Amino acid sequence: MQMKNPIKIVTFGEVLMRLSPPDYRKLVQSDTLEYYFGGTEMNVAVSLSHFGLYTQQITNVSDDLVGDAAISVMRSHGIDVSKVNRVPHPLGLYFMETGSGMRASRIAYNRLHGAFAHIRPDMVDWERALMDADYLHWTGISPAISEGAYQTLRKGLEVANQLGVTVTADPAYRSNLWQYGRKGTEVLKELMHYSHILIGGVNEINEVLGTDFDHSKDGFISACKRLQSDCPNITKVFDKVRTGLSASWQKVYGQAWTGSEYILSEELEISQVVDRIGTGDAFAAGVIYGLIHFDDRDTLSYANAACALKHTIPGDSNLVSVEEVLEVMQGDTGGRIKR
Amino acid sequence: MQMKNPIKIVTFGEVLMRLSPPDYRKLVQSDTLEYYFGGTEMNVAVSLSHFGLYTQQITNVSDDLVGDAAISVMRSHGIDVSKVNRVPHPLGLYFMETGSGMRASRIAYNRLHGAFAHIRPDMVDWERALMDADYLHWTGISPAISEGAYQTLRKGLEVANQLGVTVTADPAYRSNLWQYGRKGTEVLKELMHYSHILIGGVNEINEVLGTDFDHSKDGFISACKRLQSDCPNITKVFDKVRTGLSASWQKVYGQAWTGSEYILSEELEISQVVDRIGTGDAFAAGVIYGLIHFDDRDTLSYANAACALKHTIPGDSNLVSVEEVLEVMQGDTGGRIKR
Amino acid sequence: MQMKNPIKIVTFGEVLMRLSPPDYRKLVQSDTLEYYFGGTEMNVAVSLSHFGLYTQQITNVSDDLVGDAAISVMRSHGIDVSKVNRVPHPLGLYFMETGSGMRASRIAYNRLHGAFAHIRPDMVDWERALMDADYLHWTGISPAISEGAYQTLRKGLEVANQLGVTVTADPAYRSNLWQYGRKGTEVLKELMHYSHILIGGVNEINEVLGTDFDHSKDGFISACKRLQSDCPNITKVFDKVRTGLSASWQKVYGQAWTGSEYILSEELEISQVVDRIGTGDAFAAGVIYGLIHFDDRDTLSYANAACALKHTIPGDSNLVSVEEVLEVMQGDTGGRIKR
Amino acid sequence: MQMKNPIKIVTFGEVLMRLSPPDYRKLVQSDTLEYYFGGTEMNVAVSLSHFGLYTQQITNVSDDLVGDAAISVMRSHGIDVSKVNRVPHPLGLYFMETGSGMRASRIAYNRLHGAFAHIRPDMVDWERALMDADYLHWTGISPAISEGAYQTLRKGLEVANQLGVTVTADPAYRSNLWQYGRKGTEVLKELMHYSHILIGGVNEINEVLGTDFDHSKDGFISACKRLQSDCPNITKVFDKVRTGLSASWQKVYGQAWTGSEYILSEELEISQVVDRIGTGDAFAAGVIYGLIHFDDRDTLSYANAACALKHTIPGDSNLVSVEEVLEVMQGDTGGRIKR
Amino acid sequence: MQMKNPIKIVTFGEVLMRLSPPDYRKLVQSDTLEYYFGGTEMNVAVSLSHFGLYTQQITNVSDDLVGDAAISVMRSHGIDVSKVNRVPHPLGLYFMETGSGMRASRIAYNRLHGAFAHIRPDMVDWERALMDADYLHWTGISPAISEGAYQTLRKGLEVANQLGVTVTADPAYRSNLWQYGRKGTEVLKELMHYSHILIGGVNEINEVLGTDFDHSKDGFISACKRLQSDCPNITKVFDKVRTGLSASWQKVYGQAWTGSEYILSEELEISQVVDRIGTGDAFAAGVIYGLIHFDDRDTLSYANAACALKHTIPGDSNLVSVEEVLEVMQGDTGGRIKR
Amino acid sequence: MQMKNPIKIVTFGEVLMRLSPPDYRKLVQSDTLEYYFGGTEMNVAVSLSHFGLYTQQITNVSDDLVGDAAISVMRSHGIDVSKVNRVPHPLGLYFMETGSGMRASRIAYNRLHGAFAHIRPDMVDWERALMDADYLHWTGISPAISEGAYQTLRKGLEVANQLGVTVTADPAYRSNLWQYGRKGTEVLKELMHYSHILIGGVNEINEVLGTDFDHSKDGFISACKRLQSDCPNITKVFDKVRTGLSASWQKVYGQAWTGSEYILSEELEISQVVDRIGTGDAFAAGVIYGLIHFDDRDTLSYANAACALKHTIPGDSNLVSVEEVLEVMQGDTGGRIKR
């Protein structure tokens, strides 16, 4: 099947195991945990794979039974795992108590000494991986984990630029990471210079550039222009805007700067959130799929619909099909049963 | 108990097993499946049985461990299973991925070569079954399965008419069935001539009569009058009208044509749907219970309340009591705990 | 930890086991039951313990494997169980079918011959338990169970008054209890004379005093004044007001009478209720915590936020931290993930 | 189906709910409990119903949601529940921590104030129930619960004797019951006079008669003869002998006294016990089925095979078919898959 | 990884879904079912894939959500699914009540009108699939399903013989299949002429050739010689011999005829069977792996160890690694924990 | 309760979370994990607490939701957690695939950068903890984790020796730990000089002393004498000897050297292992309980019975009561139900 579809997207990032007590329980209230494998970049790969594209994840996983399971799950989604390294360090993981209503979800991480933190540039044959690739997707999480992860990513971005691969960037800044010595905003700014599509908005631009644009439409447009001025490779910006009425009730819409134009999508409302994790990654996957198949306006609308749908899917990754996204994009949101 | 209650309702139709991954998961995300036995006519029987009436289901089930379980479940609800045939064909079943929010539920059927598809008129002693019956309920699903199911149903309707049994009809047309050669609308129209109560509305009338009445109040009234003109046995029409805000949020109200009058019920809103399957069957059971105990206006109100309550019950069948329906019918919808 | 925190709250009441089928199922639809240990006074102790205070529960539990588990769960929450008696009678319990939407939850009790019903004054060394206590909390459930429970509680209240321990009272009247011979309202009125803080409102005052104040603001104020007139020990009244849109959608706010002033909190809305049991107890624990740490206005606001949060926690007891209540109290109700 | 089979067995006894943590867990280790409905006499009825006979249970169940579920489960097995009374007392229940290996199962009961304890002779129309019955089965548990249960049972036995119904007795003596005042052994001896078949052995005879026969073959024969001498109605004795290597590994064989002859069955070994509860009841049902269909030797062999098979079935009741028992009785114990 | 390992095994056969109640329950005792995807040939592919070989399955799966899950599971094991057809017929499935001790497992199939039954020769590009293959594995189940399945397999065997692909055959005869018209033994004999390795023994040879060799060592040797005489392509025979003490306790050993020599493996005992399904397929996969890596004696020993280990793995397929099989093959069967 | 029992045992060691797929599944076969908190020294504390002694654990746990749950579980068992430090590092954990039959369990650790690895001597007030203690228990795992853990333990042992606290040592050597630089055998030998009771045998003595005594009775005696010669504080040695027939079938007996005499216990057989983890810790707890209450011979017998019983309990810790151990010690191993 991969033969028939020449569009290839490479993702680079940590594969994380997520462990959650079921049914909104506190950890101490449950004797079992549900688990999923995800990670922001893998989530993008999974979604694109379910959209029918060829995806390949570059990462390290543990050389133990947990890593075996991670590989198996990636394979189940159709992701090419031939470039996944097995290393003698445990797989990163996190525990999440899922919130509800006004109670926020709470997360405890165990990742800073994990398999991915030990990745180094010489573990990845970027030339070979990107040779036949069309897109390389990265996020601000990876360079925040370790010096090796940063160096490996930078190397990959250099090769992508040499080979003409389009780079999509989701440079989210997480202040509680970045413990290995480097300054996050400097690194993210450097890496943005290798990137072509920003998946993010005013928050990300302000963090990367040290600016303080506001969240108005004008603020967004000004921020995008400033970003293009500072990082001339950037051609477009796709941003997801969320309003959280509660942990269980969310509204999302998208806005974009096409380089010349401001675009706004419809707003979609999810009154009974099943899982909020990975909704941004679902948006990112939607953007990439859209860039390949649609114009900018439909790309934004598709990405927003994909993001909304992810709120209805358990786990970290968006498992919906193109058909399902198109249905929502075309306004079929009433939940009729498809027989 | 059945001794004390001489009102007997006979239902004819397929018993289906439903298999669903839990918690809004996709099939591939779960290693277990929840299962229920249902089927549109059995759902009516189950609900009427929980309302305290005597019900008997005419059907075929498989002569294997699945059929054993189906019989056991029917019995647990108090349905008389003495007229259920055991045949050497697998029980029909379907898989459902339960939707949420804007994500629709999706169903995959495995029924067209099942136990019920092999029913034939000579397998059912209709005279004996209907001898002491007051109502016979059928739907448009049964004659859509196989020639044998159609012939068996027609025979039953003939006997019912001979014996003075009131026939309630829910002639829903499902285009993806009807693969055995007959034209659905013709068959349904024929069978409507044996029926006295239509549980359905403009959609069903248009399908059966080939008309194109609109969904306005006037359209409904005109359609009902036309139906009565074409099928003079029909005395009343009870219709459920649904508005789906999402798979998780639904609104329902009922309208009816009493032969001389248009009736409208209050609208009920379910903001957190537990299970949408069988809500139409819950309405049908409510209508039948109402016809026995109430005037037309209360019948409609009772049926609508029953339909709304089914959205809060897992599985295919409405397990609520008369008391619970009356509480909702009387406006007690605030969810106070009953100690 | 208990060393560092000299504030001690003693609670007296039955520990009840709760057994519920999962996922809104009827009992007959499930082959497993989820269980929790709770009981209105223990719920208060659990919540206060999670707020960091030192709590001790006075009760009887069964001298069998169920009692072992009850003790273990109390300990897990940090409750001092050194004053719990083990007796050769089964632990009280109840079954609950959890409602949803317009379907109410239904409860079946099995408690009137249980371990707690057999408590007698000579089983409790009240002097020792209250010697170093700051608060004693009771509810109207305990004296409704048995003569022994009533006598034991009255003895405790006497000792508390002698030792200067503040008494908080939640004198809810449950008409289906009180089967051992005494008249509930008389007993409750008697016990109110030993109490200082009423956690309740017009309903409770009307029941205790036999009055019929209405539910307006003025009615509330008049009722409070009358209560203070009749029971001069009472200094303050904290009341929770609930509006149930459905079993799944609730709104709560608090009002209080400080002895000189009427206070009203903001209203909080829970659109997807996880568990309604114990929300009043969560409010009571919030009041007690507030009385220790805040002024009356913040006490009311804290208690209301605690009550709202309990709707998001499975089980009978409120397991949230002070930090989580403060977040909601300060308006952070949008459900952002805490990483 | 019941029409075709005129053999009717009536059972009288308590319906008990059993609650167990799964997977050999202690109660405190699990947040869920598995539950079953059983009770020694109902277990006999369930097994006989699965053997194709018509069974009717005389009992009281609670008039609440637990009783609804008990009724539903009895119905699911095909038991006639038309003589079950609903009363405003909780259903009896017990908690069991399932043992394994050398760890014994432990049970905590909650039954002495339950629905069945409140049964009285005037609640049962014994004449009508036994009019068309062939067998009445009782055990020593029922008269141990309450004076009312004893009186009701004695009345039933009297009527059975008047109507010529064969009475099978399993007069197990449980010392921890019998708390209502009567002396167990006296009552059991009285009731044995109304009985025709003893399902039990030296232990039961010694308890009832106050003798001290030993457990040898000769002891068994002497005890049976003495029993027949004291209770001349007794015609036959069927006894199950168990050797417990551990909670997980059991051996069983049967011995019988036919009135003139000693019979011994083969011994069957269960090396991986799934559930030990109800194995004696499975033997009793096997005896009754055998008395109807076989000679004494095959009856004993059938009963022993049924008893062995019950060790492989979760729950209190033996759900195997006649065909499955015959397979084991004929030596097919190797566990080949039946496709 | 597939790049590094040029050994490719192609399997042809139905992918079946298996649905079982957990914990030795009868279907009616559980509200959930565990499910697995398997099928005798896929089981071989899964095991070989876990042994590190490149496997490809030729089959039809349903074009619905069940088929999606089947594909996903095959992928998760690393099976090449690029030659799997999606067709508009439901996936075959079966229900199994898992036996224990002397209670046999019972199975109910639903497969004769499924996706695989609709396979036809023109749906498979055998030349391309086998071009780079080393082994083709088939069993007697496939040609028993439908004429199309038979024709497709025969075509594949012809191509395999043309291309020099080694054919391994497990010609088990199941009398309850073969409903489409052909005589099973004739078909199997025809297909054996295209095969090189028989995985089976006296039973299979007697069925295929119509002989009646006995189960002694001499009988086995004579049968093998006769098979080689009748089907000259056959070079070796590998047979698994099972002794079932009960459903939970099994013993297995292997015997083989190398064309010139009789070989016998050690016997392995499994006293606590976890899952008996697929143990023969595990043996077959062990034979194929052994033929590639070992001499005949070690091949037999490896296959027997693999078969024994499968009894400890839930589900249809053997998920153990080469390392685990070698440990058992070398006598490490004491169950020490591997840290 | 702690008041009444002045015997206090202090344990020092890591609290580990264990995560396992249920029902002998491979990780990839399950979407849920069962979890327990344990760790070799905590297991000893839990068991002693269930034996009614006062226990206190010295450790670090994570300052997050996982650490909250660990504290809660320790409390539930009655362990004094007032000396547990909360630190900003994740709690150590391990994944285990539970073996069965000849398939060994496999474990993957994630502990070397966890909360406990960051413990330092200045975090523990050993004087206060040991002031009123009778026993201090340590194992060879703790000093293998980190320099800080080693230093902290050595400090504790020094203080114990100064205060006259009896030190019990289980100096198991795990070669895959000890990654921080020190040589395990040297450290263990040093720490043995502070210890009074060895819980271990020839393996441990050989590792610690660098000797090569054999596993005969004479070898054991000679090894014990040599140990006493090299470490004069050692007064007694208690050793557990295991024979693993398979992962599911184990035999255990104990031997001891009392300083002057060799003692041997009976052998106990567990034919259906529920959980093998923590069986050595159960033996250690049995030894400590025995030293307090029994002579050496009964101590050994009690410890062996405790060890055997642990094989029947899910999870890491032995939750049985003194009564249950005594039953087995006295030969009651047939698994009769305790009602």
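As written, the chain order gives the labels A, B, C, D, E and F, with residue 1 at the start of each chain.
Heads up, the rule we're going with is that a contact is a pair of C-beta atoms (placed from the backbone, for glycine too) under 8 Å apart; a residue touches a chain by one contact, two chains touch by 3 or more.
Owing to the predicted nature of the structure, the values given are computational and were not obtained by experimental measurement.
**Q** Enter the minimum step count from chain B to chain D; a value of 1 means the two chains touch.
**A** Minimal hop count between chain B and chain D: 1.
**Q** Starting from the defined contact criterion, work out which chains touch chain E and chain F both, please.
**A** Touches both chain E and chain F: A, B, C, D.
**Q** What's the chain with its C-alpha centre farthest out from chain F?
**A** Between chain F and every other chain, the largest centroid distance is to B.
**Q** Once you count every C-beta pair in contact for both, which comes out on top, B-E or C-E?
**A** Most contacts of the two pairs: B-E.
**Q** Please report how far chain B has to rotate so that its Cα atoms sit on those of chain C, a copy of the same sequence, as a value between 0 and 180° in steps of 5.
**A** For the C-alpha superposition of chain B onto chain C, the angle is 120 degrees.
**Q** Taking each chain's centre as the mean position of its Cα atoms, how many Å separate chain A from chain D?
**A** 62
**Q** At what distance in angstrom does the C-alpha mean of chain D lie from that of chain C?
**A** 44
**Q** For chain A and chain E, let me know how many angstrom lie between their CA-based centres, rounded off.
**A** 41
**Q** For chain D, jot down the residues that touch at least 2 other chains.
**A** 22, 26, 28-29, 31, 72-73, 76, 106, 109, 271-272
**Q** Spell out the residues on chain B that touch chain C in their complex, using ranges where they run on.
**A** 22, 76, 268, 270-274, 308-309, 311-315, 319-320, 324, 327-328, 332-339
**Q** Of all residues in chain E, which touch chain C in the complex?
**A** 29-31
**Q** Taking the complex as given, what residues does chain E use to touch chain D?
**A** It is residues 23-26, 28-29, 96, 99-107, 109, 174, 176, 243-250, 271-272, 276-277 of chain E that touch chain D.
**Q** Considering only the defined contacts, which chain E positions touch chain B in the complex?
**A** Chain E reaches chain B through residues 19, 22, 26-28, 31-35, 62, 64-66, 68-69, 72-73, 90-91, 93, 95, 97, 106, 108-110, 112-113.
**Q** Show me the residue ranges of chain B that touch chain D in the complex, using the header's touch definition.
**A** That would be residues 1-3, 72-73, 75-78, 82 of chain B.
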